[in-house]
Amino acid sequence: MSKKGKNGSRRRAQQRRRFDQTIHPHTRPGTIIVPPEALPPLLQITAYGPEQIVEKRNATVAQIVELRGKYPVVWIDAIGLGDAALIEQLGKTLGLHHLSLEDMATVPQRSKVEDFPHHLFAVTQIPTYNGDLCLEQVSLFAGKGFVLSWREHAGHCFDIVRKRLQVTGGTTRSAGVDYLLYALIDAVIDSYFPVLEQLGEVFDELDDRVEADSSPECIAQMRDIRHDVRQLRRVIWPLRDAIDDLIRSPPEQITQETLIHFRDCHDHTVQIMDTLENYRDAGSDLRDYYATAISNRMNETIKVLTIISTIFMPLSFIAGVYGMNFEAAESAEWGWDMPELRWKYGYPFALGLMALVAAGQLWFFRRRGWIGKGKQREREAKEK
Amino acid sequence: MSKKGKNGSRRRAQQRRRFDQTIHPHTRPGTIIVPPEALPPLLQITAYGPEQIVEKRNATVAQIVELRGKYPVVWIDAIGLGDAALIEQLGKTLGLHHLSLEDMATVPQRSKVEDFPHHLFAVTQIPTYNGDLCLEQVSLFAGKGFVLSWREHAGHCFDIVRKRLQVTGGTTRSAGVDYLLYALIDAVIDSYFPVLEQLGEVFDELDDRVEADSSPECIAQMRDIRHDVRQLRRVIWPLRDAIDDLIRSPPEQITQETLIHFRDCHDHTVQIMDTLENYRDAGSDLRDYYATAISNRMNETIKVLTIISTIFMPLSFIAGVYGMNFEAAESAEWGWDMPELRWKYGYPFALGLMALVAAGQLWFFRRRGWIGKGKQREREAKEK
Amino acid sequence: MSKKGKNGSRRRAQQRRRFDQTIHPHTRPGTIIVPPEALPPLLQITAYGPEQIVEKRNATVAQIVELRGKYPVVWIDAIGLGDAALIEQLGKTLGLHHLSLEDMATVPQRSKVEDFPHHLFAVTQIPTYNGDLCLEQVSLFAGKGFVLSWREHAGHCFDIVRKRLQVTGGTTRSAGVDYLLYALIDAVIDSYFPVLEQLGEVFDELDDRVEADSSPECIAQMRDIRHDVRQLRRVIWPLRDAIDDLIRSPPEQITQETLIHFRDCHDHTVQIMDTLENYRDAGSDLRDYYATAISNRMNETIKVLTIISTIFMPLSFIAGVYGMNFEAAESAEWGWDMPELRWKYGYPFALGLMALVAAGQLWFFRRRGWIGKGKQREREAKEK
Amino acid sequence: MSKKGKNGSRRRAQQRRRFDQTIHPHTRPGTIIVPPEALPPLLQITAYGPEQIVEKRNATVAQIVELRGKYPVVWIDAIGLGDAALIEQLGKTLGLHHLSLEDMATVPQRSKVEDFPHHLFAVTQIPTYNGDLCLEQVSLFAGKGFVLSWREHAGHCFDIVRKRLQVTGGTTRSAGVDYLLYALIDAVIDSYFPVLEQLGEVFDELDDRVEADSSPECIAQMRDIRHDVRQLRRVIWPLRDAIDDLIRSPPEQITQETLIHFRDCHDHTVQIMDTLENYRDAGSDLRDYYATAISNRMNETIKVLTIISTIFMPLSFIAGVYGMNFEAAESAEWGWDMPELRWKYGYPFALGLMALVAAGQLWFFRRRGWIGKGKQREREAKEK
Amino acid sequence: MSKKGKNGSRRRAQQRRRFDQTIHPHTRPGTIIVPPEALPPLLQITAYGPEQIVEKRNATVAQIVELRGKYPVVWIDAIGLGDAALIEQLGKTLGLHHLSLEDMATVPQRSKVEDFPHHLFAVTQIPTYNGDLCLEQVSLFAGKGFVLSWREHAGHCFDIVRKRLQVTGGTTRSAGVDYLLYALIDAVIDSYFPVLEQLGEVFDELDDRVEADSSPECIAQMRDIRHDVRQLRRVIWPLRDAIDDLIRSPPEQITQETLIHFRDCHDHTVQIMDTLENYRDAGSDLRDYYATAISNRMNETIKVLTIISTIFMPLSFIAGVYGMNFEAAESAEWGWDMPELRWKYGYPFALGLMALVAAGQLWFFRRRGWIGKGKQREREAKEK
């Protein structure tokens, strides 16, 4: 296997591991166990009302408590899951349910939106793609006067929300916690579109390569992209259902106006699903196409073999006949001892016979369309 | 890959791009961003009541306001999405919801019918096919006393409605806004039938070609048409569901009589779906057929190779035997030094042996049905 | 492609056209446009009550009006769709909804049962099969005191109903309009069973042929029958659903007793669906089987090639060796100039060597089961 | 096709015929038409209460009437459908609905449980398997004080129920008609398990054979067993649904206690379905495996061909070169006329050259893993 | 078939037998028949309240009765199904329904949770994997003050629960019977994750092997793992549905708080299903990949054959030509008797001609990418 192919399979293995191994069986339910390589958490607070807005980087839990009283909405944007104690502390401060914190710390979770007694809890994955598909978990908690978002790594996904919050008088600033929750979920869903676009380009590239290239890398890449498409479907499918449930039986925190915006979110997830269906079909098509290309190539190879064999076997046979050593003196009189060998034009006759046989074969193959047609077709195509 | 095939894959890539890239992530929801290559809009107003009808080409927003008071129904037929300001202005004038305008300007949208507080909003795609499938978005707004239709490009889709409106005393003229909305949606759905017919012809053509032609163009065309069928399914499926929802829980604007006509629309979408299912199966059949054709051709090639090898190898062997140089003088006495070479009829004997072997092989192949049967079958077919 | 295959694909194309083209886009809804090659209509009236029965062939609309007053049930059996004026006139006389008449005249319709204000409307297809599957549309209208059935062509489908009506005191005679409607629908559904039987025979025939015959006709026939099975499914599926809907929410015209009989109809459609599912699976099996048969044949061909090559190549090589011209006088003394050529039994030795090699190869192939096993297996099978 | 395969396909054809042809179209609904080869019916009556039990073989209808008054439960076990008059008479005596009798006489019926005004009616199939799958129809009628079971042929299916009835004080004896109905249905469902077991053994056998054996019998058997599995699914599926419906909305004849036992029946049908799903997957696996085995065998064959050709072609070429007749006297001086022929060790040199080429080829093939590895692998496997 | 493959198929056969044969048809319902090789049961009692905890190994039924009065929760952990009498006795003591005991003793059962009058009954399978997948049945009964768990063999599945119970003041100790039931079910579900992980590793291993290795073991392993994945799906699917039903309509024994924990269980089963779906797709991919690998290898083999044949056939032909024996004296004057043989540089000319032909062929194959490209590609890959 080539290096790339090996990497691909190792990568798939890692993803699989990521998707299987992180639920630690045989632990007490409700225990927060942070993933082994998680980063230490960094908190960034954005507290705002229609008129004022305050931002604090590297904030502490104490600051959260302080700001919650002063501003209508406090958005705590946490990055890094590496500190179980901080998670517990923050959960206690904000009144978050223990099971939701546990889900947050367990990577990866199936996308879901759950309604806990004192807060809403949503969890899903943010995708990034640069040759490999990476999924980063994001958890959102929306309670009274606060939204807590917790991501695994720093990223640019929420920058657009932060920017919009700066606009005094904008919808986002004057609306409440529910609208901020919507804006964050919308930002996460929007982050799927560039990834879809990149996958689309890989499909285009494969589309061009697949006919000519039967290298293992090509197969490996085809498997990888189909795997990625499936992975994304597994994330988006439950997210779409979760938002659909949210719209059908909305929790009371969410206003009617925000609900219409959630409907928009739902439309986007449906559109992503549609695109992924398209990609899935494109992936199947590629695989079929590849199999057909192999068959066609094999056919071509066998044709070459057949043409060569069919031409040279009779020729060799003729040469063999005139290489026989019949020389019975007595029969020579009767002309029965290979008289051609003693003909005046025996050799040219033999060569001519061979040329004739070869020409006949070529004519046969041409009529069958095995040779020459390709060029003819090209010529016809040009004339069109 | 041939030129056509390349084009096909490029075309697919463009469509994919069209279907993925136009949602601009990281923008404030509710912002109208017109597609980059959209045409400048042209408005055409048809205002009518049971008795009078007025048409205005290149109309302005002011004229709309003026005509709305005078006539029961004002139909604004806009072409071209290239002016965000005009869209906003018109939206304000007619009281259209901001999200629906945004959806209109975002190409492509999934087919849907949505009930906004002051108006109905429907969006779907008009197909055209000339070798390539093109989908053009059309948005329909139906509010109090007006219908606004907005297409990407000019087309003949709505000509039939305009013609019918000219008939004083016709149903369309005397009916209200809801019937006009139905007539427009019906016109859009009717525009799918010629496209289906054209696809059907391509299938017929492929059907005839696929057995004989294994060129890359043929495969590419098969992939293209299957892709087109899938594309149409993705458009019609949600449209069917949307009309179904409309019939089940009709908004109050729509009268009972018009509803029966919408039921007819629904039947048409179901029929289109049925035809597309047929085409999908036909596409799969073609693919299977193509694979079988390749296998059969390979089989034929191998048969030719086998027949030639099987005939000439023994012959060459015989020739080889009599080309050996055994000449031990002492053994000649005993007749052990290739006595055939000194037989009187040695050469004819060798040729006869070869002929016998060849004939035996041919008989064997004929009995196996590898050769001759084809012609025999043809003869039998003729006699039938 | 063979003639039959061509015909098959042309036939399929015609069917497809039949199933796509007949909805004339860009016409006013409610217009009756008769199919281009429709026959001129012929009306046959059967008016009956429990005691009397009257039959009139080549009846006129006036006779219908006359008989409707006198008899409890009037059955108008019309054949041929070729007269739009007559259809409109009859529709007006019997109070039929314009949309239902339009559906009747549009061929082909999806099977459905619709409840219009003054009458029930049912439309489905009657199948016939003689090598090709033909579907003929039949529309049924059941209103107050009359049943109107309208078929495209004359057929024997309703003969059984007519015969039963002759029996004075029979259930059909004494029951009302709803029972006649049931009897007609039942007759239509019963007409599917002989077609299924014929398809079953074609499957049996193909089953026997597929292993030995790889001709294009065989593939074409396999495609045709799978296409026919799909076509029938597309007709029966909506019919089953329509009857199911009828049973769940029966219109008031239908009595409880007749409803039980409709339940029986439903059972029959389910049974037809089951059989079609069976056929679909049988079709897939045939395709798989065919592909396997091709692979097996290719394998056999390659085996022959390999056996022949493997036997004769070494033999030819040996012959070639002893055809070499080494003759160095000096080496002859040492016995290095191909001493075999001068051996007393050189030639028999060479022939023996060849026989040995050939025998070895044959033994090898026999052990591998490539040759001889077939006969051995046959012998074993006989002994069983 | 081999004899067995032929038989298989004929058998399948018969089954198909059995499953299609027995609904006689064009007959008055409600007519009892017994299957053409049905046996004359034999009635066996078992009348019992908690204390007494009476059995009568070859009973008459009069005896039924007599016993019905005396015992709480009368079970009439009829075998053979060959007497339409008796069926009608019995139906009248017991008050059975005409449609249910008709269904009983029509073979085969889809499994169903129907609630008629005066009795319950259940119909399903009893399977037997001895190489071929046979399905025998059984109909059960449960009314006031009687259960009528009607089978096509005699069998041991109900022996267990009869045995249990002999136990005075057993549950079956003391319970009513509904429990007897349950016991009979349970006995029918239990009769599926031995058949499943036998099918499982056939799968195991095929599993072992499929890799080595590509004979037509093997394919035919694979098709047969897949067909049998599908057939069983088609019978069990509606039976499961029917029992499910029975549990959800139980008719009043059935007590709460018996209902729990019917729930058990339902579990059994679900388990049978699960097993059949398993078998279906196993069938697909076998087919894939078979295709892979063919490919592998073909690959092996081609390898042998390639190895032989690749070794002997160069050797023959060398032999051919030294069989050339260059002998120009003038060039001999210069050493240009095939000097090897005159070398002292020319012949050994040629043989050595050939040996070298052959060894090189063998080394190449060995490195490629085409030869020798198999044995090496075997050796490794042994060491393990 | 290799030893491992044989084992695999034998193993599958055993599993199938295990999954089919254990329902003994023709037995009175409600009879407890223990599996033939079941171990003699061992009871271990853990009785606890918030403050005290008592453990008894090798306990008797009498001890259960004694402890039930003293402690709020008594957990009886039974291992081994081999004593029908003990099962009956325990069932009577604890008031368990006879049908549930019967289900417990019948191995294997479909996963289900059933609500019996006096207790809840849950049954599912505990998986273990060490090359082969083993499923061991566990039954759970939760009644007033007791939980009875019954496994086939001893295992470490419940150790974690036992450990947690030791923690005085822990949730498990202070909660009631319902929480213990949850904890046991949770432990069972958690036992699936290590198995999934192991399967994932097998997939990774196969992923690496499949391209290079086409041995029967590889196919057999692929079939085995796909079979295992399906087996697990068949167990988890009904378990997920059963827990879902439990959550939707919870029996009254279960408190609101425990219900939230059951929701967590449900999430875990959904996650297992997701992973199994992933594995199923991975299995299909592997199979496709394997088929492609075989095709590619066959292609390579045929290429070698074609290259060798195409190079050596023309060479042998040339050698054959110059091995012909034309020697007519008369023609020699005219130069017609193979003048090349008498050329001064005839032999070098012939060799040169051969070299030219061979070089031409090589150039042709190189341009076609059949030879040399591989290395070139490797070089390019290195440069990257």
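Just so it is clear, A, B, C, D and E label the chains in written order, and each chain counts residues from 1 on its own.
Quick note on the criterion: contacts are C-beta pairs under 8 Å (C-beta built on N, C-alpha and C of every residue); 3 or more make two chains touch, one makes a residue touch a chain.
The model shown is predicted, which means the values in this text are computed figures rather than measured ones.
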Look at both sides of the chain C and chain D contact and report whether the same residue positions are involved, with over half shared, or different ones. different
For the identical-sequence pair chain C and chain E, what's the CA-based rotation angle in degrees, nearest 5? 145
So, what's the distance in Å between the C-alpha centres of chain E and chain A? 25
In whole angstrom, what separates the CA-based centres of chain B and chain D? 41
Per-residue multi-chain contacts in chain D, two or more chains: 291, 295, 298, 302, 305, 309, 313, 316, 320, 323-325, 338
Classify the inter-chain contact topology: is it line, ring, star, complete, or other? ring
Using the touch rule from the top, collect the residues of chain B that touch chain A in their complex. 1-3, 5-6, 9, 12-13, 16-17, 19-21, 23, 25-30, 99, 110, 112, 214-216, 219, 223, 226-227, 230, 234, 287, 290-291, 294-295, 297-298, 301-302, 304-305, 308-309, 312-313, 315-316, 319-320, 322-325, 338, 340-348, 350-351
Help me check something: in the complex, which residues belonging to chain A touch chain B? 159-160, 164, 170-172, 186-187, 190-191, 193-194, 196-197, 200, 203-204, 207-208, 211-212, 260-261, 264, 267-268, 270-271, 274-275, 277-278, 281-282, 285, 288-289, 291-292, 295-296, 298-299, 302-303, 305-306, 309-310, 313-314, 316-317, 320-321, 323-328, 330-331, 334, 336-338, 370, 377, 381
